[in-house]
Amino acid sequence: MFLAPALIGFTAFVVYPLFRSAYFALTTYNGLTDPKFVGLDNFRRMFTTDPSFWPSVRATLLLVVLYVPLSLAIGLALAVFCNQRMRGVGLLRTLCYLPVVLPVVATITLWKFVFNPQVGLANQVLNWLHLPTSEWLSGDDSAMPSIVIVMLWSVGSTMIIFLAALQAVPTELYEAARLDGAGPRTVFFRITLPLISPIMILQVVLQMVTALQAFNQPKILSPDNQGGPGFSTRTLMLSIYDNGFPRLGQVSQFGYASAQVWVLFLVIVVVIAATARFSSIWTYSDHVS
Amino acid sequence: MTTSPDVTRAPTTAPTPAAPPTKPPGRAVRKATWYAVALLISSVMILPILWMLTVALKGPSAVFEVPPKLLPHEFHFKNFIDGPKVIHFPRLLLNSLVITGLSVIGGVMTSMMAGYALARLRFPGRKVWFYVFVGSMLLPPVVGIIPLFQLFKDIGWYDTWLPLIVPAFLGGNPLFIFLARQYFLSIPHSIDEAAKVDGAGHVRIFFSVMLPITKPAWITMSILAFQMSWNDYLNPLIYLYSSQKWPLSVGMASFVTQFAGQTPDWNLYMATNLLYMLPPLIVFFVAQRYFIQGLSALGTVNQR
Amino acid sequence: MKRWIRCAGVLLSAGGLLATAACGGSSGKQSDGKATVTLMTWESAATNKAIDQALTGFHDPNITVRRIDTPNGNYSDKLAALTQAKKLPDLFWCGNDTEQQYTSQGLLTDWASRLSGSSDFGASSFVSSTMKNWKTADGKIGGVPSLLNTYGIWYDVDAFKAAGITVPAAGWTWDQMFDAAAKLHAKGAKYGLVADALTSTDGPFSLSTYALSAGGKPFADNVHQPTKTTIDATYTEGVGKVVAGIKSGAIAPPGYDISNQQGLFAAGQIPMLWSGQWLAAGFLTDKPKIKYGFAPLPQVTKPATLYDAVGICTPSYTQNADATFKVLKYLDSTVWTKVLPDSPVAAPAYLSAQNAYFGALDKAGQTTVAATVKAGLNTPTTIGVRFTTQWASQSNDLITAYWPDILNGKKPLSDLQTMTDKINDVIKNNS
């Protein structure tokens, strides 16, 4: 059957680990000796005594709140901008997509160097423009925004999807609106937005999941690779990794990490369910699925 | 009768140019602003890469000059040779190519087949399966890391490329399955009918008819799969023990020697980085056209 | 289409062949009595090459030594994965903390009997404090100390001269250091002192040297089996001074990215850098632009320093313990004498090999480094650099929750006591 390979893999590599990790979440397990069942202890520790949990929730929320609206707004704005029939727009589109094509690990380390407060490009540009410099990734308050900037650099993929959606809007609608004397703003808000609203909802969900699961950026960009300074960029994903694959001299806590994974997973599910619930209010659709 | 209407018409056309006399200069201003903004956006997108090129050409001590100079004094093209030498680039390149090549083939094949099944074959619960597959896209990959590691360890696939390749063959990627199904759904059934009339079974239809038509879809998937595998860092790091088996992504990490207190040779690193970025770039440029087309399948989703 | 399928088939089988070729793992056990001993280090490429070179001098017809490459920056990930897969190499570089944790879990081979039985490679052949620190509470020892780290302050002679300050030397005080940092910062350096050891999670331990030096109590009474942590008046005084230094901008705050600090120091951008003696080896190959020196850690009244020895561990499932021990002995005694002259990374814990190290430093003209390391080795008052316990990650999280904010002035000094109380809870829960 056509479906066979996908099914086998799905069961083996998705379903099985899912259940196994649910089991691990209820144990203490250092990967070397057998797991020891401890019931809900991990969750109790997470919510009460672990000094890193609530800060990591805060860091994760900050990331989501900063990243999602900006990536949607910038992605859409870029898409609208690139939807013009100007010469060179193809080149512009390619350039916008370029950061996405490049290997993530390579570009993230590049940005880390760009943001170096002493020898990086960012502060040099700021100096040149006579603007105040920043500590970027080393500052308590500037670290997370810096990470969001790096993530926003890859907004090209969001842009492409919006672009496709924009191009699917039938042009007769625009002409009819223009004939009725509608200005560009009205056109945008009354016609474009509603018609791309299903895509917008999809994008909201995708970007939220991306933000909640972001790992490479906070990990590699933070000065100590652990979500520093302090806990300012230690998102839940980083916390999970740190507990599961800890730095030298510390012991793995797979059980606890699995418990945290499930908390994150539940948050993602809630977010998606909520968005889906409200999507019928926000979207304009002329079919019923 | 012939000339007088033209003569009389001339003055009546005069008012219409009056309506947008501001249009030509207005349009020019709009055009100019567009190009200015476009330039700004392009530079934001490309400046870091240009800077990487600058650093790649610098000599070892010039990297830490304060303030950093945008244009290097000397052009150390040798960095492009020395850098790769540090990590045995050719061998790692070959590794990356094999691992990525196989993953791409596996991932795309499986996803296309699954998408076809979900779109064309009639079996109970196919909508449910679709939702399940897509739903799994939302699982944080970290959920599986530890159990998967234990699983592969127990089977004895540790320190082989198999954990990196087999899941592509056997699991497919939910995003790709989604794309595939959408694309197949958009193909009119008349094509299927025509092929069936010629006596083709599902397998024939799939290979001879569907695949050529859905080119944008699987080319897009191939590009995405290529990027995902080429960039994959965590998995090879966890599963591969011997340095000869590493792909480039792990090899690049060996430049960043924070442990021994040594500052990495940024100029060599950036030079090698540029070389590391070339293959995905080339793949992208070659298949750009199909890629944009393919992604628009995501953009025109109206049925869920 | 058919051609496409055939192409794919060829590619698949080619790939499959390569994949299976890549499948063959390594094995230390060979049936004809010969053994392969595998080795993994975290040293730089240059030092690794020197080690490989030195290992060619190991002549034993039945033993082959093979070094496994690993990217230094991810040594901990690699170690974690190998530990999980039960595929640790026969000999791997490890910190005191890893050794303590793994030995107490039974993951390492216990060398105690072999070390006590040997005269030329026994407990007395090593610096005495290392042996004491590497044994667990029940007398087991899963690794052998190899190198000792000495911490101190690297200083930029040119910057000091320009600011008109006397360069640091043995016996200099913390107040002198803070003062110098302020002056250097005023003279234009971004930070007069970069001391990640003070601002990271190791900070509470590093600052214990201040308290110890003033006659007070260190942060933890013991890093291997602590009973409690304390903050006394001298300790708080020290923290207060660091807070003032950070506030004035003279000292780099928590969050400073240290991945480039060596390069920046060598380029003259950091006038004082708290780090270890291992930078000396790097400075031999990448000569810094500046004239530099290495001074011991400052004191209040008497010298106090940090104790940190790294070593070589062996997993419990090593194929051939005898062969492994032979190679271990060769590594720790002889290999260093050959590697250190070109790459003086640290002082060996093995006493007879120490001359090679100091000789190399003298030959390279790094006299201050030699003097500081010697002084550090002879300082009686020491404290470990961090906890080596199983629950260290929990105390680290607590430290992260308080220490950076206290240093930045966001939390009051009184929170030091809150932090200590919570860590004491962790200790109690785990004893």
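We call the chains A, B and C, going by the order they appear; numbering starts again at 1 in every chain.
Please note the rule applied: a contact is a pair of C-beta atoms (placed from the backbone, for glycine too) under 8 Å apart; a residue touches a chain by one contact, two chains touch by 3 or more.
This is a predicted model, so every value here is computed, not measured.
Shared contact partners of chain A and chain B are C.
With every chain reduced to the mean of its CA atoms, the largest distance from chain A is reached by C.
When every chain is reduced to the mean of its C-alpha atoms, the one closest to the centre of the whole protein set is A. Mean C-alpha position of chain A lies 17 Å from that of chain B. The distance from the centre of chain B to the centre of chain C, with each centre set as the mean of the Cα atoms, comes to 40 Å.
For the pair chain A and chain C, the distance between C-alpha centroids works out to 35 Å.
Touching of two or more other chains is recorded for residues 31, 118-119, 245 of chain A.
Of all residues in chain C, those that touch two or more other chains are 75, 77, 81, 84, 258-260, 264, 269.
Chain B has residues 63-66, 109, 150, 238, 253, 256, 266 in contact with two or more other chains. Remark: chain B residues 60-61, 63-66, 86, 98, 101-102, 105, 109, 149-150, 153, 157-162, 165, 207-208, 211-212, 237-239, 241-243, 245, 250-251, 253-264, 266 touch chain C in the complex. Per the touch definition, chain A reaches chain B in the complex via residues 1-3, 5-6, 8-10, 12-14, 16-18, 20-21, 24, 31, 78, 81, 84, 86, 88-89, 91-99, 101-107, 109-111, 113-114, 118-121, 124, 127, 153, 156, 160-165, 167-168, 198-199, 202, 209, 212-213, 215-216, 237, 240-241, 244-245, 254, 257-258, 261-262, 264-265, 268-269, 272, 285, 287, 289. Within the complex formed with chain C, the chain A residues making contact are 30-33, 50-52, 55, 112, 116-119, 135, 137-140, 143, 223-224, 228-232, 242-243, 245-253. Chain contact summary for the complex, chain C toward chain B: residues 1, 5, 8, 11-12, 15, 18-19, 22-23, 25-26, 42-45, 47, 68-75, 77-78, 81-82, 84-85, 87, 258-264, 266-267, 269, 275-276, 278-279, 282, 286, 289. Residues 31, 34-35, 37-38, 41-42, 44-49, 51-52, 55, 63-68, 70, 109-111, 113-114, 116-118, 121, 129, 133, 136, 138-148, 150-151, 166-167, 169-172, 177, 202, 206, 227, 230-231, 233, 238, 249, 252-253, 256, 266, 269-270, 273, 276-277, 280-281, 284-285, 288, 292, 295-304 of chain B are the ones that touch chain A when the two sit in their complex.
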